[in-house]
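Both complexes below contain chain A, partnered by chain B and then by chain C.
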Partner chain A sequence: MSKNQSWILKHPWSVRSFHYLLVLSFIPLAITGVVLFFKPFDQLTMNLYMRIHVVTGVILTLDAVAYFIIGFTRVIAFVKRSFSFSANDIKWFSILGGYPQKFLLRKKVAVPPMGKYNSGQKLFGICVLIGGTILIATGWGLWGFPHILPHSMAALFGTLHLVFGWLLILFLLVHIFLGIYMFDDFKAMFLHGKIPCEEAKEMAPLWVEREVVKIER
Partner chain B sequence: MNAEARTYQKGEIPGIIAINADVCKGCDSCKRYCPTGAITGMFGAIHSIDVEKCINCGQCLINCPFGSIYETVDTVDTVIVKLQDKNVTVVGIPAPAVRVAIGEEFGMADGSLVTKEMYGAMKKAGFEILDNNFAADLTIMEEGTEFIVRARHALFGEEAHGHKVGPLPQFTSCCPAWVRYVETRYPALIPNLSSAKSPQQMAGPLAKTYGALEVWKKPPETIYTVGIMPCTAKKFEASRPEFTSAYHFLKKEGKAGSDTPYPDVDTVLTTRDIARLFKKMKIDFTKVGETDGGPLAEYTGAGTIFGNTGGVMEAAVRTAYKVLTGNELQPLEFKKVRGMKGVKSASVTLMDTKYGKEVTVNLAVVNGIHGNIEPVLESIMAGTSPYHFIEVMNCPGGCVNGGGQPIKSDGSSWLRVALPLFGWK
Partner chain C sequence: MKDERYQYEESPSYVSRREFITISGIVIAILALPAVWIRSAVVKRNNYIRARINGLYRDDTGSKVRVSHGNSGVAKLYKDFAGHPLSEVSEELFHTQSYINRTRI
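Right, the complex of A and B next:
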């Protein structure tokens, strides 16, 4: 990290530690979930996958609950940001953030100014908030109480778990790709939490303009 | 006990219940309902059923949250073909618990009693009717008097004429899952089972003998009997090779009409099956109207309550009381054996007018084999059981909750587990 450069703290420690645990739990959950869906292995192996699925599911739940309590104000801020829409979001989606043009045509197009999260990230945030909550709730129901749930509720839990599981897995693949592509943000999330001020001005001008405050040291 | 041994006679249907591997999620729910530990498969892996251990009760089937368990025996189309054959008289034998459940398959309120609508739909489909409640009355007279014989033998040394008297406690024998449980796991207690056949297996020969010759005036070999049951294990029971009584009786009389033994009950449809049959035959159960069942559809309240846990015991006590004292039990309802407790017990003191002595009889009702039966049987094996007469029904709640009943998408069984947490009663 260059000392001559200005930096913005984008991901504080609480967010980073929540994200570490999320990575450690969701990726095994996704892999074991896919295996449990296709059931390709023998009894012992399938049981091992199910156990890993359950243990990592418990870790994910504890992580989410702990962050909800410890980082409550950040959760509220994240919800607010994810559900704040403007005409810019429509414009952003109409060009998909300029990414297809960049990757496929090697062409840079004008992207409408975004806040801390761009429209795609907001959509992902909404899916994570709603889908994650549904996955946790249905997962506990399917693990602990399928035999006492009304049948239609158990079946609904199964369907919701499946649909949102696949949805978040697909989103995860895009998230990992773009996360690595925006490497400064990747380093910020996994290392020090900070992104270069110049990059933030380019990627999230409205955030820098309206919310970021300069701190003199 | 050797659970690995072959546990089926020649001719019996093995494996009435099976798991669809494509649908099974390995959630383990079924294992929690299986009374014999017949379901194998680790949590998360595909489950399967060990047919040697399975007693065909179907509790796993009605409780699987994902509908992955199914019946392998489906004779709905066969029965429709028989109904359309003018040379065959198809006799339907509807059990007590069917008439309070079949309405659900046609959008009626849960628990609607639709006896006469059921008769109407059966008549429209082409069935003759022999109500199983009628046969249940016969069963209870047999079981009740058999108990008196056993009790008098035990207390007063009275001998029976022409046969050996069985030991106490006497078990009821109308639940085929329970009978198979005893046969495969506690064969030493087989003599304790009542020698009375179940209502279904009394109704079959009755239809092919008295019904055929005296009521419908048809050759017995053209009678096709269909048990209409709330129970998947009844399909197994009907396939037992010893149940050919009508043929052997008629053979002696020279009226069998065939040299090949035919079964007393030709096939069994569950409540779900008969509802499907009506739908296939485009019979609108809700509009068919009420009809009387005919001469073989007369019955008492004793036969009616067979479908509930404690019902057989209550009916037996009424019968035994009447036979021993000459009077009706007052009040007629014997409420001590009602309710959903796993094991219910009661004592009845009555005067045996023949011997001029008061007798106290200890009764027990086992409401669901799973989790309830082992201690009762172990105490009998150890010689410490206080009971003289024990009703056992495999399914919690009795036949009304049988494995062949409509599968409730929004059942309330979970309330039984949840309510104690919140205080209730």
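Right, the complex of A and C next:
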């Protein structure tokens, strides 16, 4: 690491702490959710898994609600970035960001310039925003208020919880793989929050050009 | 005071005031609309349950037999077959065999 390297603060402390709690709650939720779906153990063990699922679900809810309130401006910026589309997104999806060529053919192809999030991350962001909200709402309905919900609504909640649960679990596997693959971004999210300017210019040139500013000290 | 270990950060003006208000309104409306829908569905279901309870009470008022132990069919079942409530036969046939306490969830 060069001492003259310039750095951009990509993930401030509020985002990192939200992400830590998200990791600590969603991974146990995903594991216990899969176990609850397949029911491989006896009733008492399944009951224990259900209790872990509920406790981690409450932690996830508190984390999401706290971030929604405390980091509301960041939530709005995230929504804007996730729902901003251009012709570059179609080009990006047509080559899948160049990842299959890189992993399977060891070939580097030209990728259209991206903002802070590439098109795949935007799709993931939309799924997390919508799916996460539905999972939290339906989870609370099924656990806390099943006696209040009409039967048809409880059944709908169960189906939505199942569908979005699987969707986010499958997305999570891709997210973990690519998150570790982009090791500078991984370190930024889990350690110090900053990434090298050169890396950012290569991976997210539109973000650097349009959104990043030099700090006046 | 800014951290000296980085030289750049995101511009705070990335989202304009107009965009902020618009997106906030859309987000809050999307969160609020299902809540209104759920509430109206629950109220509708509760009205149905209340009407059904009232109907059952009305039917009950006009019934000759209004308690289970006054049901001659049940009394005959115990007299001719099961003996008495909580007898071995009634325990085996009418009661659940295993129980898991799920109240702590």
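Going forward, the second predicted complex is superposed on the first by the 212 of 217 C-alpha atoms of A that agree within 3 Å, B and C clash if a C-alpha of one lies under 4 Å from a C-alpha of the other, contacts with A are read in each partner's own complex, and residues count from 1 in each chain.
The definition used in the following text is that contacts are C-beta pairs under 8 Å (C-beta built on N, C-alpha and C of every residue); 3 or more make two chains touch, one makes a residue touch a chain.
Treat the numbers as computed from the prediction; the structure is a model and nothing was measured.
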Exercise for the section: Could you tell me whether chain B and chain C fit or clash when both sit on chain A in the superposition? Expected result: clash
Practice task
Using the superposition on chain A described above, determine whether A:215 touches chain B (first), chain C (second), both, or neither.
Solution key: second
Exercise for the section: In the overlay, answer first, second, both or neither for which of chain B and chain C A:149 touches. Expected result: both
Problem - Which superposed partner A:124 touches (first chain B, second chain C, both, neither) - result: neither
Handout entry: Partner chain in contact with A:73 - chain B first, chain C second, else both or neither
Key = second
Handout entry: Between chain B and chain C, more extensive residue contact with chain A
Key = C
Practice task
Please work out whether A:7 is in contact with chain B alone, chain C alone, both, or neither, and reply first, second, both or neither.
Solution key: second
Practice task
Determine, under the contact definition given at the top, whether A:51 touches first (chain B), second (chain C), both, or neither.
Solution key: both
Practice task
Pick one for A:192: touches chain B only (first), chain C only (second), both, or neither.
Solution key: second
Exercise for the section: Would you check which partner chain A:43 touches, where first means chain B only, second means chain C only, and both and neither mean what they say? Expected result: both
Handout entry: 312-320, 348-356, 366-374 or 402-410: stretch of chain B that collides with chain C
Key = 312-320
Exercise for the section: Share the list of chain A residues that count as touching for chain B in one structure and for chain C in the other. Expected result: 43-44, 47, 50-51, 148-150, 153
Exercise for the section: Note which residues of chain A are touching chain C in the complex, please. Expected result: 6-10, 43-44, 47, 50-51, 54, 72-73, 75-77, 79-80, 116, 133, 137, 141, 143, 148-150, 153, 192, 194, 197, 210-215, 217
Fill in the blank from the handout: As the complex stands, chain B meets chain A at residues 25-29, 32-33, 41-46, 63, 65-67, 407-414, 417-418
Handout entry: Residue ranges of chain A in contact with chain B within the complex
Key = 36, 39, 42-44, 46-47, 49-51, 53, 142, 145-155, 158
Exercise for the section: Could you pull out which chain C residues touch chain A in their complex? Expected result: 2-11, 14-15, 19-20, 23-24, 27, 31, 34, 38, 41-42, 44-45, 100, 102, 104-105
